[in-house]
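By letter and in written order, the chains are A, B, C and D; residue numbering begins at 1 in each of them.
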Amino acid sequence: MFPGIDGFHWTISHVVFLSLFFIVALIILATVVSAVWRTARDFRMHRAVEFCWKSEFAELPEAERLCRHQLAGRVRSKSCGNAFECSKCSEYSQFAVLPPRGIVHDLGIGYCNDRFYHRGHTWVGREEDGTLSVGLDELAERMIGIPDSIEMPEKGSEIEVNGTVWRMKKNGNEIQVRAPIDGTIVGIGGPNEGWYLKIRPRLDANDPATLRHLLRGAEVHGWLSRELERLQVQLRPPNTAPSLADGGELMHGLMDAIPEADWDTVLADTFLEI
Amino acid sequence: MKVTRRDLLGWSAGAAAGLLFTPVPWKLLDDTSIWTQNWRWIPQPTRGPVEVKQSFCTLCPNGCGVRVRMAAGWPVGVAGVASDPISRGALCPLGFAAQQLNWHPQRVHTVRHRGNSTSWEEARVAFAKACGEGKIAIVDGQPGRAASVAMKTFVEKRDGSYRVALAPEAQALAPYGAWSGLGAIGLGYDLENAQTVVSFGAPLLDGWGAPGRFTRLWAERAAGMADPQLRLIQVEAPLSGTAVSRTAARAWQWVPIRAGSEGALAAGLARVLLDEHLVRARGPMPTMTAGEAADQTGLSGGAILDLARTMVARPPVVAIANDGNPAIAALNVVLGAVGTRGGIVRRSKLAESYASADAVIGASYGTARAVLIDSTVPWDFVPQTDAEVFRFAAWDGGAGQADWLLPAPGFLEELTDVPTAPASAIETYAVAPSLVNAPAEVQSAAQFLGSIDPAAIAVEKIIHQRCDDLFRGRAGTVYGKEATAVAKIASAKEFEEQLWKGAVWVGVPPRSGDLRCELKEWPASGSSGRSGNASNANWSSAWLAPVLPPLASKLCQESNLREAPVGRKA
Amino acid sequence: MNARYGMVIDLDRCTGCGACMMACAAENNVPPIPQASTRTGVTPMLVRQVSNGMEGGARREVFIPILCMHCEHETPCVHVCPQQAVEVDQATGIVMQMPQRCLGCRYCMTACPYHARYFNWWDPAWPAGMEKSLNPGVAVRMRGVVEKCNMCHGRLHSAKEKAAAAGKREIDFADYVPACVEACPTAAIRFGNLADENDPAARETHSPDAFRLLARIGTEPKVYYKSKEAWVKELAESKSGRGPEVKHG
Amino acid sequence: MASTAMVDSRWIARGEARTSLPQFLLWLAPWAIMLALGIYAGGRCLYYGLNQTHLDNRFAFGLWIFLDLGVIALGAGAFFTGFLVYILKRAELRPILNSAVVLGFICYSGAVAVLMVDVGQPLRAWFTFWHPNTHSMLTEVSFCITCYLLVLCLEYIPILLRNRQLRKLPSFLVFEHQLHKVVPVLAGVGTLLSFFHQGSLGGLYGVLRGRPFAFREGFFIWPSTFFLFILSAIAAGPSFLMLVTALVEKITGRRLVPGEVLQRLGFISGVLLGVYVAAKSIDTLIWLNFTSPAVGFAPWQYYSYQPFGLPILLVEIVLFGLLPAFLLTYRRTAARRGWLLSAAALACAGVLLNRFVMTVQTLALPTLAFDEFLSYTPSWQEVASFGGVVAYGVIVYSLSYRYLPLYAPPKGENSHVSGN
């Protein structure tokens, strides 16, 4: 009956043993298969990035996880337990009103009040044609200066919020930029255009859910100031007083200026990498 | 379409799962199992028609009958022949692996002269030259064969000398031969009728004579019996430390004495027997007193007296020496065990007229120009001579100082006949046909001599002649499938045919009184040649194997039963 | 009617000549491995020499041939083998070792109280040409598997073939004699069907002198021994606990 | 070199301080050599056959089997901790769970590797699943060891995928996340398997009717050693885990787990050890007075051969049993790290000694009255492959420690990801 054996005969104990063995083996196999299958499904349903983000969010340092309301000074201290998904957040309220237009310069680096900021240091701006433009904020730009290389996604490809949308190389460090919103890429720009991507959002640009999770106005101010403090701490040469915004001006091309710094960590903190 | 990593993963997973439902993995498993069972480097037995043939083992002078299983013409198994009256189906351990011997790495394949290989022609020329230049001697290990006759006649033509290397059993009989003037050959122990056997170090249960003879007697009449019909008393020194020989271990009684004091004990016993009138006074009175004997042997005087009493308690009694020690022979004279039933007897002479020899080995070779040694002569025999030595041998036992080493036929490779076994009480005769074709490069001594002297008679002829003579003798019985008296056999042809088929001719039982030994005074204790533990160093005291079958050396290495024989290659 | 092949070995008759070992090895194509030792060799039939520990004339020694005991009850090796390389043949009672199934884990060797199992530590090899002298009735075992006495199964097989050729169902018992039994010069080893009460060997197992090694372990060996000497019997049944010293060659 | 160091640092979890690459390589070097030697020796055994060892027909099992039984007993920490964490929900042991899994994986894979060298025909190992003898303890063993090794691999994968670089691949991260959700199931299965595996290893010798020294009566098909082995394994497992953790802390000079965890482990270990010693003593008494005499073996005779005298039994029960059990459970001593660890060491020594006695002494003792008492010294090939397994363990553990979050509790749990 079995190959390679002469005169093998079944006994009841064989049935018991072999079925036991293969049941256990099947259980083990089943667990693996289910895990694989669920993984595949997550990809199918565009939940992969969300998972990655959530599990990575969980490992972000506390300082990176502050709630926008604290950043805006509306509450004293509150850290986000929601992976920055304000739309799912119960405590999110509508009083985050749009501030007046214009560029604000009060931190030594500017930010636009009519732009929406992702904590991975990208901004989102509305365009007339209803698309959204995405770019690196000033802090990121000054830090990197001119990247050695950029690897942009293809036009028409889908991006998911918090997923890696484009990669840049600088002095051997790889930088992964997180997508601030969901949508389809309709235009590719670059450092020189002042914007990197034009996105047609998954929902309508005016739909609150599209931009709700992004920082604006006072939140940006609070957030950026904290980011600058972090930078100062991280970039100061050993045993010196924190000073890199001398005269409130953040120097250009930080990475070229201070190559000896632990850029691996700094970049990771800046662009929310793990 | 663009292939992502995810797709690849999916596909490979699917493929792996799918593969399980094809026969492929199971077939592979199956193959590995088959493969692990027959690796090509595992030797495979030769397939071929299996047939069983009968002949006689001529590795030693006892000539036990063998049943040989042959596959594709090669012997693949050896067993005894139950109907053989000599061996009675028994063989020595070596016999059971003898089929390996012809393949032994030590097998001699080329004619060698002082180590360099040369040709038969060279050897022939050299020997013929020697014959021309002076006297020659031929040494034979198994006297009484047709080949012996061929060799003997060859020598006598050139008035050289024909010598015989006696088996130790026969050597022990030499003193009687000398005293009776009959010669050692032709005498034997009538063990079949003895009741008490006192062995002075003779390995009676360990290869003394044909394995099937005394061992069988002992098994049937003594083994495990509190009061056996056959009392075996082993007088022997411990081998080493407390270890004892196989015979001593299984004997009815073991008398441990100092090594080499056999002669003294024999004298002591004779003295006691005569002093105490335990025997009818015959033969000489030893000078040695029981006391001296006790001192030399390490036994107490009482023990010697007891031993003497036990010996005569259950006659007939016979003492057996392991060498030509005359003291033990003299003891037999005192015991009246010479020429009597159950003692030392003289065999009928129907087949023996051929076998008388000028001298046994040891005697000097005088002016001999060349000595030819037959392959039947044990390896440890080295002639004390400066003559040119021509050594026939199937296996190089390592003792090769011979000038010429000449490849002889191996196991079952040559036709020969089997004369009476040494120390047997009854004459026997058998024909051992060759079962295997000898390799082209080998020649027996007889063939060699034949090629030098065209007038020499071929072995086949002599065998035919002897069968004729035996048939005309009209005496004895032929033991084939069943026993038939020679008188009842129709023709010489039929008689000869039976022998060729493996039957054994058995002569008439010896008559008491045919042998007389007159002994004036107690002999000076002779040198005891082999010591007691020779039996342990060799496979059988009777035959010193030049080499052992690999399986035999396996037995030495892989069990504690037997020590590897000294100087014997495996 | 199922046979129960077994043996009765009369130790009083054994002279320790070793013919059984040789015949066994030759019959079963056991390779003569030069490197093998008393502890790494393959000796399906092994004669042990044992003494009563006394000195001088009082010393007795006995030779005990050890082979597979073909245990009838709770056969240790059969129970432990993970892959059924050992089975008790119901028709004959022979404990069959199937090298082609053996993994070489040697668990059976630790299980056997008689040390009658042997592992092939080396690749089987013979001097050049000598494989022509191998017994065609028995396959050579490869390295790395365990083997032991199969009661010359090759001979049983050919006996069966002979019977089948003659159209008989039962084999002629005369055709089936294991090599060691055939070889013993003193007929100390008797072979028979222990299930058959008229079989001489079976009758001998009931003799008061008959005993089995380590009988109290309860494995019911089908190889019996016989001796009139009390000390041998006691030794064999390990009554004395720690036995006297063993003689080394 | 600088760049390699840089690359290397990318693979180390951020914020984790690890020694410099050169220093790490320096640490690995000797072990790597040991491993290479072990692989060479093992290769010889596979190529030339087991004549490379000093095993023989009478000493059919030797150093290797002792190694197998030993490491598997110590590796029991893996399944037992998993059992405590997942099944009994003892969250406080979570910090050492990963380390436990890796240790288990090392022990089991090492054992399997050695077994494959130990058998004469490794290519036929699968026969056991093809035509199994269901009465054999060894069948049970091979069944459990195979499945459980599989389980351990699956438990190891999530830890592996948490490596800083590997996790960058979304699919890996998600797979790890999903796998993590089914790990409790695996832990359950693993517990079952390992439980039976430990037991059947004990049964391996307990069923040897032909070896009165090892033979034990029991319940159903399992001799008492079956249960004793399980007990001793789960008693020693945590102690071993504790020792390793402490050792790593010593080497790296960092506190990896809160002291309470070690004490907790020690306590569990101590209590179980106490139970084990009690059971073992009762079993021994039954065996000495009933089981062994019943088959005609006077108990004293086993201990009449040096060096396996009676002391060895006392050492096993008292010095390596009662004493550590007390030290581990008694509050005052358990509080002192030194006492705790040395007690753990004693416990581990105890289980190793027990495995040694069961394997080696059993084979050394004669069964037939005319057998010799045997001794055996392993060949260099055996010793080398033994060392190879140890080296393999150290290397795998070091790498895991350097590049994987062994002592950081996986975040997956405490921040609940709403997977689906």
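Keep in mind that, in the parts below, contacts are C-beta pairs under 8 Å (C-beta built on N, C-alpha and C of every residue); 3 or more make two chains touch, one makes a residue touch a chain.
All values derive from a computational prediction rather than experimental measurement.
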{"item": "Most distant chain from chain D by Cα centroid", "value": "B"}
{"item": "Most extensive contact between chains (C-beta pair count)", "value": "B-C"}
{"item": "By mean Cα position, the chain sitting nearest the middle", "value": "C"}
{"item": "Distance between the centres, which are taken as Cα means, of chain D and chain C, whole angstrom", "value": "40"}
{"item": "Centre-to-centre distance between chain D and chain B (centres being mean Cα positions), rounded to whole Å", "value": "62"}
{"item": "Computed distance of Cα centres, chain D from chain A, in Å", "value": "43"}
{"item": "Centre distance in Å when chain A and chain C are each reduced to the mean of their C-alpha atoms", "value": "78"}
{"item": "Chain A, residues touching no fewer than two other chains", "value": "4-5, 8, 36, 43"}
{"item": "Contacts with 2+ other chains: residues of chain B", "value": "6, 29, 33, 36"}
{"item": "Two or more partner chains touched - positions in chain D", "value": "121, 124, 127, 130-132, 135, 139, 171"}
{"item": "Complex interface listing, chain B residues touching chain C", "value": "33, 36-39, 41-48, 50, 69, 71-72, 74-80, 89-97, 99-100, 102-105, 205-207, 211-212, 215-216, 218-219, 223-226, 242-244, 246-247, 249-250, 253-256, 550-563"}
{"item": "Complex contacts: residues of chain D adjacent to chain B", "value": "121, 123-124, 126-127, 130, 171"}
{"item": "Residues of chain C touching chain D in the complex", "value": "35, 37, 39-41, 48, 50, 64, 74, 76, 78-84, 101-107, 109-115, 117-123, 142-146, 213-214, 216-219, 235-244, 246"}
{"item": "Residue numbers on chain D that touch chain C, as the complex places them", "value": "49-51, 55-61, 118-121, 124-125, 127-128, 130-133, 135-139, 141-142, 204, 207-212, 294-298, 301, 304, 362-363, 366-372"}
{"item": "Residues on chain B engaged by chain D in the complex (per definition of touch)", "value": "5-6, 9, 29, 32-33, 35-36"}
